[in-house]
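After this come two complexes, each holding chain A, first together with chain B and then together with chain C.
Moving on, here comes the complex of A and B:
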């Protein structure tokens, strides 16, 4: 049995009602189905507005879809009873793109990371501190950093704190919603290798939502491409994607810049000028 | 001197000076029963309208009551009840604004249409009307003012909560398993509180003026209890012979309101409230709405 089964999900947004007429419907997801196996990472690619993030929210239980089912560990996420839903939530965590808005500016790193722990586990103060320290070290920060507040961290460090919060409860699946997109290249690489490391250590599964085909290649085991609310390509073997003929996939490949300016289709002079 | 004050508007020195004077005044009001030279309501017609003397440092009014004692006791009403009005309307506004913004839906719709209805009237006119219904008296004035003021806070907090609700850390807290109540208590409320220090200083200034205005009209505290507004009202009849009867309470009101405003200005500068909340418009909107009340 797969860890997560997404079955035939459709979702629409209704724009707010105007004075005389009701709002129009916008389809964001139509008949999306896929599965994620235990310990695997699915890279979900697509350009902006393709419905990737909405799908992420639906899977996280933040937005009930109009149609379809999310089966997580054999239970329907939206129709489980309250107790079961709480236990399911525990195994499902998230890291968002915008690391600055993902942390409460009025909480210290310790409070931020301890929040899920306090909600699910009865820990004494010292034990909680020890766990937070371990988590900080697991994501490559110092245990002393727990007293600092978010403004004292850089973007990359904050994203590490977000990851620490996400792995605090040892979840089964983490949704990485553009988790590295707002970081510079160096930090992207570092966070990606951290994520791969954590995946191996804790046996995590990821849903890696991104528009960056290179990052997806690094971390994913299989790849799916979304366009206009549908999955247009799903490759169990990530190298298979290059053979796809779908225009949305080709566009993604075309958007990748070659390593050297010489190969970017510009004249040599303009490359030097830049 | 005015130019000097304008140049230093919001500077820490002025703020500290204002804070010190206000604190001293606050202490004086608390200690009024021990330091006031006379009983503020004791009539002594033999000494009526007497000039300043060692026995009556600021002279006496038309009934021979000690002006200094009356001013001191009057400050208790003004400062005390202005703070009470601020705190209770803030509390109600915070509660209703937060729930309205966080829960949304039809409840938000109903509450906010009600608030807009209240805000459509100048607040002093509404307070006057309410006091007319409740009858004159200090408790009624306070109640009427709280009933009118909370809508401004509710509107402001609702706006802040709605913009906070969209931030990722609220979603992250939900995913971490926090209950709705914990999200409101630990994530929403601490993030909407910073501007209240600034609001408090501005609002107490307004409330002091409103209480005085209502007392001047004879709706607030009833004679013979001392209150600055009613003292101005009583002194009105002697404006030609003894203008100081009106001037002392009037100057005190002016001084206190100006100092609260200067302090508020400096605090919002210092705490960066303007930078953080003025930009999104909530505080700016709040101040404008208060200005046009």
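Moving on, here comes the complex of A and C:
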């Protein structure tokens, strides 16, 4: 049995904006189905507005879909009894793009990372400190950093703290929604390697949501592409995506910026048509 | 090739901030030149001082806390020491700024059209209608769909990619000699990123604008820059022609930036490992 089964999910939003198509229903997700196996990373690609974050929220149990089921470790996420639901939440963690607004600026790194531990485990003060120290070291920071507050960390360091918090309870699946998109290239590469390393060490599974085909390619085992709320391509072997003929996939490849100036201008023709 | 007079010349630019922990050097004496119709790439990781440099050029840093020294010459005119009111007319008309988050460049409570028209009219003698016509033509020029209709919308009703193209359209109307584009595509998805870079390049080509293209992303630099300066901790550690930079990087920091990039090519897992730490 797969770790996560996404079964025929459809979802609509009612537009609340009065100036703008007032009250109309828009379909955000339409008959989305896929599975994630234990220890695997699925990269979910798509341009902005495709519905990726909405799907992420549905999978995290934060947005009940109008139709379909999320089966996580064999349980229906939205219809599990309270005790099962609590255990499922523990095994399902998230890291968002904006590392600064994901943390409370008045909490120390220790408090931020210890929060999920305190919710689920009865630890003494010393045990808690030791665990937070270990987690900080696992994400490449120092145990001493637990005393610092968010403003004292760079974006890349803060994202490491968000990752430490996400792995604190040894979850099974982490949803990473544009988790490296706002970092500079050096930090993107570092965080991607850290995530790969943690995945191997702890047998984690990821849903890696991004618009960036390069980042997705580096970390994922399989790749899916979403367009207008639908999965239009799903390659179990990530290298197969380059052969897809779907226009949304072609556009993703055509928009990739060159790695060397000799390749400049290649993607521009397709961008002009838009 | 005949070397033209630089449009913008920066000499010994230093920026220091007064902080609770004492005086901190943010930019440590940098020199560079910009030429008409050329794109100068400024690359470096976050915190290296790129944004502070661009704000110093425009004199947009808080004067009470931040000390700027050095010479900034725009077409032969020294900008440091200019009256603030004179500097205000330089901004926009002579030096345009395109910021990372385009939402910050617009007021949330006025329509795109009224802001566009007001901006044109503060720098050029024109009636409201003439300015509106110019604005619509410029928005069509950067391939924004339904330009006339967009004029009536509010900033929050446009995507980041569209707002960035409105910024470029404004620059097309004001025709500044220099444009500073500070991470103009960092907040955009790939398709919008390419579209905005394309329009920025057309603007440069049509108006002979000198562009300072700031990015942490060497792919953006590879796509558009002619020359590149590499910044680390407030200093320029390498400057060269863009091909030279990619083929024969000199400084260790440049080599590191070139290596630390996610790529579509398969890479040795070992070489990735070293980046996981620190």
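We take it that the second predicted complex is superposed on the first by the 259 of 274 C-alpha atoms of A that agree within 3 Å, B and C clash if a C-alpha of one lies under 4 Å from a C-alpha of the other, contacts with A are read in each partner's own complex, and residues count from 1 in each chain.
Just so we're on the same page, a contact is a pair of C-beta atoms (placed from the backbone, for glycine too) under 8 Å apart; a residue touches a chain by one contact, two chains touch by 3 or more.
Just so you know, these numbers come straight off a predicted model, no measurement behind them.
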item: Clash or fit, chain B versus chain C on superposed chain A; value: fit
item: Chain B versus chain C as contact partner of A:213, first or second or both or neither; value: second
item: Partner chain in contact with A:256 - chain B first, chain C second, else both or neither; value: second
item: Touched partner set for A:86, first chain B, second chain C, both or neither; value: first
item: Touching partner for A:103 - first (chain B), second (chain C), both, neither; value: first
item: Residue contacts on chain A - larger count, chain B or chain C; value: C
item: Partner chain(s) touched by A:154 [first = chain B, second = chain C, both, neither]; value: second
item: Partner chain in contact with A:184 - chain B first, chain C second, else both or neither; value: second
item: First (chain B), second (chain C), both or neither touched by A:193; value: second
item: Overlay on chain A, chain C to chain B nearest C-alpha distance, Å; value: 12
item: Residue ranges of chain A touching chain C (in the complex, touch as defined); value: 19-20, 47-49, 140, 154-156, 182-190, 192-194, 196-197, 211-215, 217-218, 251-252, 254-265, 267-268, 271-272, 274
item: Residue numbers on chain C that touch chain A, as the complex places them; value: 45-47, 143, 154, 157, 159-160, 186-195, 197-198, 216-220, 222-225, 242-243, 246, 256-257, 260-264, 267, 269, 272-273, 275-278
item: Interface residues, chain B side, partner chain A - complex; value: 167-169, 171-178, 182, 186-187, 190-191
item: Residues of chain A touching chain B in the complex; value: 57, 60-62, 86, 89-90, 92-94, 96, 98, 101-107, 115-116, 119-120, 162, 165
